[in-house]
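Next come the structures, one after another.
Two complexes, one shared chain (subunit A), two partners (subunit B, subunit C).
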Partner chain A sequence: MDSQPKMPSGYSVKLPSDLEYIPPLRQFVAEIARVEGFSKKFCFRTEIIVDELVTNGILHGSQDVHSEITLEARFEEGTMNLSVQDQGGTRQNLENLKRAVYSPKPPSNDKKKGRGLVIVQMLSSEIKIDLGENGQTQVHVVKTKDPDDSQAQKEKLLYESDL
Partner chain B sequence: MDTQIELQISDLDNVPHGKLIKFMGDLDATNVESTLDQVTKLIKEGFVQIVADFRNLRYVNSTGLGILLHFSKTAKEKSGCFKIANVNDNVYEIIEIIGANTLLDIYDNVEEAIGSLQARR
Partner chain C sequence: MRISQQVSSHDERIVLLHFEGDLNASDCEATSKIFQEIIDSKKYFIVALMENVTFVSSPFLGELMGCKLRLVEKGGNMVIVGLNYDLRERLIQMGADKIFQFYPDTHTAYNHYHWEYTQTAQVVTITLPPKLQSVPAVRRFIAGIAKQKGYTARDSFRIETIVDEIANNAIEHGDSTQPEISVELRIDRKKFELLVRNKTLMDKANQLKYVLEANKETAQTGDTRGRGLALVKLISNSINVSIDKSGTEVKITKMREDS
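Right, the complex of A and B next:
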């Protein structure tokens, strides 16, 4: 079996700021994670993370329907790096985002919204916010493989060695 | 393109004001409004003893969870309940992360959920 280290693989997707694009996008990224050898649970969690970050970007960062959201996903050595960039919302939007990312607290039970970034926090290994030169907001997430993924990676290597 | 979720609604035998709602597909921000409208209409019509069958609900995000909590609260305010059955492991994990497992009435299967409604009478 070839023991050379695997090259990292990266993907970049730019989409209009419209919620309708999220289901195929989140399923696409989850499928890449599956092909990269991550477990079903990791892929489901990836789907949720992508969904919540892009939904948040559309609703609070790229509110103009003509604006865009950019998602980048990179997979290497059992780690997924995700980055979602929106056009940048108001100062209040940014403050809300920072509070949600760095001091996550679920909203009261009668609120219909406000739980997305709490879920992302819980499912991710690291999360941080950057600001772009032109006021864009970038949310970066790192997710390392779950214990289940060791077996999934082995099965992928065995499958590839049979080809 | 609101096609990712389908709700199948039927009567619950021997449960007055009861309805069984089968959720099929993915519940997310693209279809949360139509789901909210359909279930809210039922509750307004007086069907406040509701069992939601999640056997074929593959996926739910935070927006979807938000309306599930809303249904539970609204039904309780009208002396009813919104019970959930057959939750898959992935969906349960998301429910658990936000602590909604302590707020929602969750059952292993539909029969248990319906049985708990009949026992309330």
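Right, the complex of A and C next:
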């Protein structure tokens, strides 16, 4: 068991802008959230958030085949700070992203796309966008422990004993 | 049917063919002529864009298969992009998924092209806190990438074993004050390279180098530990260790078994 004092844990992953990487990446982030003491429900929701943000980054941000996506996850007591950075898409893509984040509105029933960020909003505590100096887009999500996460520490101990 | 073509701005060896409407038997002849013109112009990679296609008849599918065969003979390929769900299901029922790769968008098709034909390695870099509990997630992540990229289950399992051993060593034997360790994966169609960097106390790092270079195991009879690196040597193709004041870097290369 970890006997060290609780310090923030930071993880980062830089990977090619390729949809094939998303399934293992989202499972990785969910698994490290579990290691950091969050509940199964929290981790499953994190998996959905990662899937959505990274898919958006690949399809609308890092569109060049040689470009990359960077994901950072930082865990502090009861809070996960997640950020996904892409190389920056077109002005229209950025406008669409801002609209989806700052004035979310579910699309009409006949639209096939546009629900992802609405779901991310529902599953997270805070979401914001930063623009880098070289045009990169960074989406930050803060997700705090759910009120019914009191069992998480107990589950963590059971999980560690299984490893 | 409407059909238009353009050379990809991404790579001039790739031709994008936009199809629209119903692709009927009566369209085969005109399409065959277009395919032949493309092949005659020495362009052997075609991305068939079918976002706006509403129907594909079996004779037309046969025409696409014939074209793909001609391209493959020339060392090229044809992939299909943007099929809607219903059409994709119908083509799968017709067995087309055994002949063609289907991709949701051109970006993914280009990624496939680079992976298959340019032998460019893809790089993934992970930094993590030196916590042994994080290693299972890292090893499963990297093995998952290998599987996604078409490595066999046996290769992926061996890669998982290598990552587990090297990452555990980096944490367990590394400097206890190191803030993070770095794991870098370089993967292409033929080989997998793993680089693990950490801060190590010099005496431990030299011990590691001795174990590897002298081709000896640290374990004596009765010891329960120390066989990990011997196992890694068995299942990989090369191991290199470089040590300096900034830290230790272990580099493992493993060739893909079915390459």
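Brief remarks follow.
By definition in this document, the second predicted complex is superposed on the first by the 148 of 163 C-alpha atoms of A that agree within 3 Å, B and C clash if a C-alpha of one lies under 4 Å from a C-alpha of the other, contacts with A are read in each partner's own complex, and residues count from 1 in each chain.
Throughout what follows, a contact is a pair of C-beta atoms (placed from the backbone, for glycine too) under 8 Å apart; a residue touches a chain by one contact, two chains touch by 3 or more.
What you are looking at is a predicted structure, and each value in this text was computed from that prediction instead of being measured.
Contact with subunit B, but none with subunit C, is seen for A:41 once the two complexes are overlaid on the shared chain. When both complexes are overlaid on chain A, the residue A:51 reaches subunit B alone and has no touch with subunit C. When both complexes are overlaid on chain A, the residue A:12 reaches subunit C alone and has no touch with subunit B.
Once chain A of one complex is fitted onto chain A of the other, the partner contacts of A:65 are limited to subunit C, with no touch recorded for subunit B. When both complexes are overlaid on chain A, the residue A:31 reaches subunit C alone and has no touch with subunit B. Of the two partner chains, subunit B is the only one touched by A:116; subunit C is not.
In the overlay built on the shared chain, the residue A:20 is in contact with subunit B and with subunit C. Overlap of the subunit B and subunit C contact sets on subunit A: residues 19-20, 23. Interface of subunit A with subunit B (complex): residues 19-20, 22-23, 41, 44, 47-48, 51-52, 55, 106, 109-116, 118-119, 122-123. Chain contact summary for the complex, subunit B toward subunit A: residues 1, 4, 26, 28-30, 59, 61-63, 65-67, 69-70, 73, 90, 94, 97-99, 103. Residues 10, 104-105, 107-108, 110-111, 114, 122-129, 131, 133-134, 136-138, 140-142, 144-145, 147-149, 180 of subunit C touch subunit A in their complex. If you check the complex, the residues on subunit A that touch subunit C are 2, 9-21, 23-25, 27-28, 31-32, 35, 58-59, 63, 65, 160, 163.
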